[in-house]
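We just call them A, B, C and D in the order they show up, numbering each chain from 1.
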């Protein structure tokens, strides 16, 4: 299924239930972190995981991200590409190759 | 830009830096919640926000979600649609219209 | 140092800066999760950690917990003891010994 | 009840169930953020809250903080006091009075 159709379905789901009134950017930010923590719960005691649980929680995170982008009238695709450009400057390949260091700790 | 192209760019970014080794599902789950909390920080003391900061943090959350889906070899689009179907059963329109209650608290 | 004195110092710190106005229970809940995610960041890519960073982030989490308890006029000590009692019922020793399962999954 | 006694009870609870094996600092960091997000869930759609739910979730956060401090053999009290000293330097009263700005944004 195309991502644009997914976005439409998800937004329609919210409209059908008149939930838009609860979806302030602030409440959506809270919701994203709440769902992200439920995703983390799949890994609370180790690296093993239930793939079905992970899929559901990942879907919940993404769902609220789509709601947030819709609410703010921004393009998810553009946001990611702009940030990737920024990250490419913060993490030049030659400096960051194979390193998990934060850009503030990368040696010049 | 098409979401499929965005996904390709984001995954290529990781490959170029040989960061795949750090991206276990568990570490990605941690990363998603860490970025989600940075998104929440935009709203820490109230509902006002800096749209540019929000866009960057939302991009970071989505970026790690894409990495997670790639790592687990699952389709983001399918995950969201499957969960939406489940949610439609948990939250029938007539019961949940205009209510922010959890499905466990909805009256039958 | 006694924990009661610690609590007094932390609350005084807030009063001295007139920050009480920002400390609604909701904002404190956001702050606790934001700091908790910074603590998790110490372990983002693995189990190694910088003990000094961990100490600072743990202190930030606890600090906001103290602020929350003060704001709600509840006793941290009583909250923990009451919840421990509840947990003892949900997790009887014979059933939960050596198991990381959630109480909803413990066999009867 | 004295906080030192609370700490003892909480640690004994874990020992009685042989749960110490799950309590690596990394897993405890995950647990703290998971519980912090459950606390935030009490405020997901607004500032109203159920005080009993808040007390339980706050207790869970504090419980894991105590476990973490015990595991790392550090004093919660000292951590908080040391961090408060640092914060006093980052946030001098005259500069930060009545302001919710981050120290990096405070005017000199």
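Simple rule for what comes next: contacts are C-beta pairs under 8 Å (C-beta built on N, C-alpha and C of every residue); 3 or more make two chains touch, one makes a residue touch a chain.
Because the structure is a prediction, the values reported are computed rather than measured.
Chemist: Counting C-beta pairs in contact, which comes out ahead: B-D or B-C?
Modeler: It is B-C, judged by the count of C-beta pairs in contact.
Chemist: Count the residue numbers both chain C and chain D use at their shared interface, divide by all numbers used there, and answer same if that is over half, different if under half.
Modeler: Over half shared, hence same.
Chemist: Go ahead and note the Å separation of the Cα centroids belonging to chain B and chain D.
Modeler: Spacing between the chain centres: roughly 26 Å.
Chemist: How many angstrom lie between the CA centroids of chain C and chain D, rounded to a whole number?
Modeler: Centre separation, chain C to chain D: 3 Å.
Chemist: For chain B, what residues touch not just one other chain but two or more?
Modeler: 22, 30, 33, 36-37, 40, 43-46, 100
Chemist: Using the touch definition up top, name the residues of chain C that touch chain B in the complex.
Modeler: Residue positions touching the partner: 22, 27, 30-31, 33-34, 36-38, 40-41, 43-46.
Chemist: Which of the residues in chain B come into contact with chain D in the complex?
Modeler: Interface residues on chain B, with respect to chain D: 30, 33, 37, 44-45, 100.
Chemist: What residues of chain C sit close enough to touch chain D in their complex?
Modeler: So the residues of chain C touching chain D come out as 1-4, 6, 9-10, 13, 16-19, 21-22, 24-26, 29-30, 32-33, 35-37, 39-40, 42-43, 46-47, 49, 51, 54-56, 58-63, 65-66, 68-69, 72, 74, 76-84, 86-88, 91, 93, 96-100.
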